[in-house]
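By letter and in written order, the chains are A, B, C, D and E; residue numbering begins at 1 in each of them.
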């Protein structure tokens, strides 16, 4: 049993669409001529890309090319940044993400996000998971306990923390914290998972565990992962996209299947990047 | 800084409700200022009508019972007392906070902080009383009459010290550890670290502290009234008595009638104008960057 | 962190060392002088009856029972009004308003101005507005409301600093989980901003409990035990002022009252920081 | 007199505002009044004579306290004197000067004499303590010595009596003037001040009472309309012999014996 | 010319001992039965190790095994941590580091440290370099300007920042910040450089640049580097040491030449770690 199969068990609290494997490319997120400006300065411009359902898409590129900024457009975290302006179009499952009137709270629930630096709340381990659930209307104690166990099992943390759910989450090690954050996102049953370099702040042991976990999620969730680790991208991604800074703004240089990008890059920049880098 | 201001799109009514009720609440603060200004103007209007604003700066002296209304010496008195005390209290307060964080062993830091908190709550009459019976006679020994600008500055210094000290203390607590460790790893000694790394990192908090303490220094009434001598004159040495605008109001309001009373409200208005000038120049100095 | 053991290495470090210790020593010395004076003159008169009995012969004899009650009520009203407004405004300024926005700038400037308004002006204003216009008369309510106006700036400014010190990652991760701003605020930001709030509270309580000029015209001079918030009640600091400046022979009781006031303040500050450390530890689990 | 009302007949709240000098006295009288009439409450507030006048005029207070003679423009009010208060000149106890003539006082206050040696004291500059504009003590003092306030060369300006006493007690070369009752009490308590005689008459509550001391002021309570009911009862009580002990206790001089 | 050769030029402001290459093993740092406790909890125990002059020694091991703690003992940064207790013995060039009376300031000047997260001060770029120099007694304006240029060239930052030395250091990118921190340490001419995962917070491009820089320093400085990146350790280190948590405290499992540790580990734990990890 992969860690995630257990998720579909007692956890399926409302009828879930069958989680799709990544076979026939079927776009779920469509991004059209997306640009983002911080004040007057563009972070990236004119990105057009579609993300396929159930697939793992890796975003790679040098620092500052706008990868993080790109992710934050998808769940409208950009709303939190003063002076940040987004233009273009994003549709997720036919929902116009950038429309002014949409329910951002619901949108963000459907799109989970994992940050580079593990950021559990300064609460107990249990409260970290319980608190968002309650917010989203799940009040039943037993159901919550159930979900907490299931998700913690899914991220392989259950055995490590089951005896100290009441202790502070910040006392966990980095890798444990990151897995807790993933569990926290999974508990809300998102349709799309955004991961911003989820392993880069971890040591290799923890990083390995988290990577195993992500691999386990593959085919179950639609995942968009930013990574610096090209070897990792190569190992786990179905699709890949390369960003690069040109004329002071990030651009999408090339996108395609991981195989094609890494083995047969069309753009000379891509070729240079995937070959020349150290891993 | 992140701000949630652009997120007005969420359909969650609680959020909207929260935002709007917060705005309502914040408006109260602004409204109070407006009310006070309006109140002062209304009360001052009769005398402004009779004698005009200009004479408050050109009359030969302040003898309202005889129709003379010069406020200029008191304006200077307020300025001198404020400047003097802020100049002494700011370094003392910041050094106190530095002491708590970087010099004092932890057994001393805690009681010292508590002590400063206490100083913040001693009533101004107690300071004034103490100044009157302890400080003023001491100064009188050096140079009569005793009640003087110096006494005012010293008492004000003690009174505003806790404000800057506690604000600085709170700011220092937020200095990222990485700066301190970075500095230590470079072999930088303690004071160099504080001066070169810590102070630049806490500018904003210190600035807020200075604004608050200055406001307090301008506004202090009772203690200053008891130790400053209250003679309406521009002091030529720090041993000369002075009268501040606040003391002027407190001293004469109780027995003033008619134009005299209204003239005291003009003191209040002039004081308010001074504060506005201070706030504006502070804004100009910081050019909006300090609050970030 | 205090690397207390390492010795200063060069002249400048020595100078700074001497300066910092000197400053702390000076402040402590002045404080001890002041407090020693109060304790020396006042301690002999403090007794249980002094705390509970009503004042007699204009305060020369008797105790301060009703005055303590009035003072607590005034402080209570002041905090009950200023805390919600103060925290609300601080939240708005720190979380919902960008530094550049007009509304934020105006509010912030207004507060700076309010911080500088002399307490006597507050008193006259409170008398005109609360006592007369709103018809509250000389009452504890008028006094508390006037004080609330006075402590707002200090409360708001330091609470705002508290919110600014909360890491941005809390806000981002909460938003990414689809938590509403209200929830984020109540459950995450507010507890994390408590240290700043506490500084504001300590300064605010200090200022409120020490206030004289603003209260003479609002909460009044009556030294009877208050029966409701609409009764006039004499605050401790006014009592001290009256005894030392207006009533000949009141000095010893003035000292005793000042001593009680300092003790009261110590108790309040102690309780506040105890509540903060222990109450907070249950809520926020930083390690 | 007060006994014309029975304890049951009177009830209600009486608001009295005005001079801080009078407030402790009236508050004590109020307390005794309350003990006679349990349903009555007397609230005494301070804020100064002018506030008392203003509050009574606006109907914000039932009775005002005014610590000076009534002015011409206050003839619309009904004034009742409750006590007298003398104003005496004080020096530091260690000052060798024992008496000053009226001319010397005037010369000192107008800055013509600035050293004690010119009036028989030590060689030291004189610190002149004056009262703030508008205070009745000031008006009475200036009136007696026929000085214009603009001519006074003060080194310290003070508000309340105790501030004056503490200022003079803290400065060996100071001269000031304060309420005689207060000064007498403080002198008896060992505060280092002394009262000077004025025009040859010793300054004491006794000479104020028998009318020989030349500088004194009446202490008034005022109403807007002719007093009736509770207000009248209180005013009558405050003017009656029954409160003379309180007046003396507060170091003022009763109007009549 | 490697970046560092230029350092010996105009920069040699006081007679420097010839900087040693790593040939004959000649210990410069000797660590004897070193243990460190945070309160009662041991971070690591009983570490005995010697570091050779002019060599690059890599410290590897899973998260929490005490690598950072170990580094902070060497320059007595442990003094800053309340409740931290160190026992054992450290000698650097015959100086007893843990002796109570030593001049810590001088010690730290002789031992440079680079942190995982770049930590330039909130000052301008120029002030970041100038300020420590002034504190260490170098007052001459021209000499300072000289040193700033030399060290910035040494870390390859000169061309990127020479026109904006007056702008805030915090506005630099992560990689630039880290190189600035290295320059700041080099400006003081340290004998030993401690580096705590200097590349792990950087993207691969910047990481590559910084790694090149570190390789350039090899043989010139005695360097102790903590890294999660085993491939990196293998590429650049002369010696390697593996830490591991046993019984709740970190221990030194094995130390030796990099070649031996990576190709011919003696301890089974080492073998597992160097083979099983992902890079």
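The definition used in the following text is that a residue touches a chain if its C-beta (ideal position, glycine included) is under 8 Å from a C-beta of that chain, and two chains touch if they have at least 3 such contacts.
All of these numbers come straight from a predicted model, not from anything done at the bench.
A.B. asks: Going only through chains that touch each other, how many steps at minimum separate subunit A from subunit C?
C.D. replies: Minimum step count, subunit A to subunit C: 1.
A.B. asks: Per the contact rule at the top, check every chain pair and give me the one with the most C-beta pairs in contact.
C.D. replies: Top-ranked chain pair by contact count is B-C.
A.B. asks: Between subunit C and subunit E, what is the gap in Å from one C-alpha centre to the other?
C.D. replies: Spacing between the chain centres: roughly 49 Å.
A.B. asks: If you average the Cα atoms of subunit B and of subunit C to get two centres, how far apart are those centres in Å?
C.D. replies: Chain centres of subunit B and subunit C, defined by C-alpha means, are spaced 16 Å apart.
A.B. asks: Whole-Å distance, subunit A centre to subunit E centre, using C-alpha means?
C.D. replies: 34
A.B. asks: CA centre of subunit C versus CA centre of subunit D: separation in Å?
C.D. replies: The computed centroid separation for subunit C versus subunit D comes out at 36 Å.
A.B. asks: Where in subunit D do residues touch two or more other chains at once?
C.D. replies: Only 20, 46-47, 159, 163 qualify.
A.B. asks: Please set out, as single numbers or ranges, the residues of subunit C touching at least two other chains.
C.D. replies: 1-3, 6, 9, 98, 100, 171-172, 180, 244-245
A.B. asks: Residues touching two or more other chains, restricted to subunit A: which are they?
C.D. replies: Within subunit A, the residues that touch at least two other chains are 79-80, 82, 104-105.
A.B. asks: Can you name the residues of subunit A that touch subunit E in the complex?
C.D. replies: So the residues of subunit A in touch with subunit E come to 62-64, 173-175, 200-208, 211, 228-232, 277-279.
A.B. asks: Within the complex, which stretch of subunit D touches subunit C?
C.D. replies: It comes out as residues 15, 20-21, 23-25, 27-28, 41, 43-47, 58, 60, 159-163, 165, 181-182, 185-186, 189, 249-251.
A.B. asks: Give every residue of subunit B touching subunit D within the complex, in rising order.
C.D. replies: It comes out as residues 61-66, 68, 132-133, 136-137, 140, 144-147, 225-226, 229-232, 241, 243, 250-257, 260-261.
A.B. asks: Note which residues of subunit D are touching subunit B in the complex, please.
C.D. replies: 19-20, 46-51, 53-54, 124-125, 127, 132-136, 148-150, 154-159, 163, 166-167, 170-174
A.B. asks: Enumerate the contact residues on subunit E facing subunit B in the complex.
C.D. replies: 75, 77, 79-80, 82, 104-110, 112-113, 115, 117, 119-123, 127, 131-132, 135-136, 181, 184-185, 188
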